[in-house]
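Have a look at the structure below before the remarks.
We just call them A, B, C and D in the order they show up, numbering each chain from 1.
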């Protein structure tokens, strides 16, 4: 049976990526408290394609994925990327795994327990001479407007907002990066907003959170600065982009802010952009 | 060229609908102030299919649509439905047209002007012996929690919410229904929540709205009851379903309420469910 | 602390539903081969609200949910609904659980194995004197156009389509309904289209499926009739609605067909609409 | 009334962006045949924020937008960006305008006419010393698999695919860039796939397209190379990224390919990645 994909191509155009997208698949990931948890991911995988090949072999992505056992951690992702490069005879490989991660949370006063979901992405890349890993975590929070509070006789508009942190950590050895728990990023985000969100809240909890938010007004600009301050103090972190987006309760559009930072070679040159 | 769709079918199964979906198309609709406005719609159209036909002729839906000039009002939709029935030799026809409708709004204190969008749907159906038309309008609003306000020392959680009204009006003549302006439903919805939303707000407006919301706390249950009270007093209205959904600012899930009502034969039997 | 929700309401408007929506939560469900599987659901829950209560107690939905252990089957859902009615002092309760369900599938020639996801919904309702349960399964398939095949010298346009089956089964005892496996509906849908889809396919499999589709051309109208024929022969099934939607490869809009059927009191009156 | 946004901030963190997102607004854009067309856009706008300001003034984005008249072209966008920088006292400003663009298309054989929509994005950026403009156009097409065609006795799987072209053109004067019509990118994309899509097709057209696709099999890799070959020959184009994504009709996931290119200083160094 003819292998069309392996036939030569004469257009002399190498491709940055050829691969698959939007594959829904059950996966297992590490959990700081429960050791591991099973969830459902949207997966994309790709490799670079040299100019002389007509096409990549799409079925091999799935073979590498199913052979991997679908357990994804900072140490298994480099292995998957290496196998993708081998199976597809490619110089570089990428994988992106997006999934909801669940944490059991206790309401602040009554301690009522339920799970909260946090959308996360693992993005790994392996090139000829370099490797990359980015952990992205999105944390829903409550945000109360400092301006509205200052100028109004009573109350202050507040709303649900989403804080997205894309974080790179220091490379520790050949192909692993310093471990940062999803739980750590959730804590940083929640401490940077007006108040956290919970799945279950009884009346004493609702009173507590309403007052906590009223006492901690923040703009989206404040949120990304609060998160940035905490992340750049963490010696494991080498680069981040933080976005905060408020689903404004006085508008039908959203407000947002973005900050990016790269650890400088020398501390005097430290600056966010 | 053989017409496969017209070949007979022996399975003796009539179909409720055969048609097209998710067609994006520019349309013109009536506007109370500007006479008309152009917007972009998602359109679906279908007809019933008798058991003896294998398939419907999908291209004819598009011919009827383009011939119609894409001006949609309470009086042009029955014409389109009639033409669909003729062109497709069908007993019944349906059309659904979903679009953002824009209104120029003035901020409550400074009068600053900008457009706000309201998602609307026209749903028309023509059967052998009956006709139907439903106007659906979704209005974004601000909602402030009465419980949170009551139990907290200061502030009260509030959030963006969406009120969806699906309304039928009295049939006036052969195939038209009593006219209800989108603008009227927007006014009813906004008057039923804690405060309206605006695209542009200066600080004095923000102060006004924050205080207005604080003084008008509502649960989702209150909102749908407030809307229901107003709609059932309107003699043009014969049936409605109202849904309110809050994007809770203390949870990552939403709260909602639904009420339905049909004008009773005699006023004593009036009840919502 | 004042319980605002329990204060009386004087508008005399009962509500069909008050509840929560869009809660993402890990759940466990039955699996014909593996006994059970863990997946991630979007959950909504509601109760009716009598006219004399101002609001429902939203936190109790979450308490009932977490107490239930989040194992959902035909026999646990009636228990959850009963508890919702008790906890919220309501006459009726509803729950809707939407989730991807995974099946290990083997490619038709090489037998290569990987998981496929099928989107499912369990919808349960418990009223004063009646109970209801609907199983909804959406199966992605391949569909090849009979008209295109007939009129063209070579080839035929084909595309990905989605078959959605909403099925009610016979009530067996107080509150359980005859069991229908998700796997059974997947088989019925795949046998009603041009060919099934697989996550992993090697070249001999691709050849097999291409030819299988070419030899089994179907319109959306054929698909829903094929499914309807199979479902109405199944004595467990009492009612269904089947929708097929093709993401047409020659258009940027979709084609669809819908059929509904209710088991008649006597077989002579059998008809789909 | 206190202006909280203008109060100083001591965290020494400058922000890359602060602004608004997901604003739905009617806009007018240039149309090669009709001179101009009205459509509906999703708009985001942002400015950089110096470290010493606490927040930006969100309402000014809307003032600049409404004052602009919402006519967006290669020459009005730089004006809007300049006004954003002035109104918000910022060093840089960004705007992104995403909208469906409609073209009247004639079916290839019968000439039947209807509109097709193409999703487009205008992205403009004005920094201290540089300016940027990217035109993004997504074109839906039909793609037929060369491998499936080669190995199968009859037929070949095909499907709807989407080609997205993000293109930068040469800077012509102070702040305008060489004009590239959306229509030109649509033509390039359609000529790079197996066949174009149409809104309305009669049987002779369907036959024509089925055969055209069968005679032009392409992988996603071929598509992006075909587009790249045409774009890099165009002297106005200085940089592009092209993505092709197929909604595979034999899988429930998508296949995709990406190519990027920057016009080299000297032609010998030309290469895509």
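FYI, a residue touches a chain if its C-beta (ideal position, glycine included) is under 8 Å from a C-beta of that chain, and two chains touch if they have at least 3 such contacts.
As the structure is a computational prediction, the values presented were derived from the model and not from experiment.
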> Where the contacts of subunit C and subunit D overlap, which chains show up?
Replying inline: A, B
> Greatest Cα-centroid separation from subunit A: which chain?
Replying inline: B
> Over half of the interface residue numbers used by both subunit A and subunit B, so same, or under half, so different?
Replying inline: same
> So, what's the distance in Å between the C-alpha centres of subunit D and subunit A?
Replying inline: 26
> Quick one: subunit A and subunit B, Cα centre-to-centre, how many Å?
Replying inline: 36
> Measuring from the mean C-alpha position of subunit A to the mean C-alpha position of subunit C, what distance in angstrom results?
Replying inline: 31
> Which residues belonging to subunit B are in contact with no fewer than two other chains?
Replying inline: 1, 23-24, 117, 147, 151, 199, 201, 203, 207, 251-253
> In graph terms, with chains as vertices and touches as edges, which category applies: line, ring, star, complete, or other?
Replying inline: complete
> For the complex, which residues does subunit B have touching subunit D?
Replying inline: 1, 3, 23-26, 37-40, 59, 62-63, 65-66, 100, 102, 112-115, 117, 199-204, 207
>> Using the touch definition from the top, list the residues of subunit B that touch subunit C in their complex.
In response: 1-2, 4-5, 9, 11, 13-24, 44, 46, 48-49, 51, 54-56, 58, 146-147, 150-151, 219-222, 224-225, 228-229, 245, 251-260, 271-273
> Can you name the residues of subunit D that touch subunit C in the complex?
Replying inline: 116-117, 140, 142-145, 147-149, 151-160, 195, 197-199, 201, 203, 206-207, 209-211, 213-214, 247-253
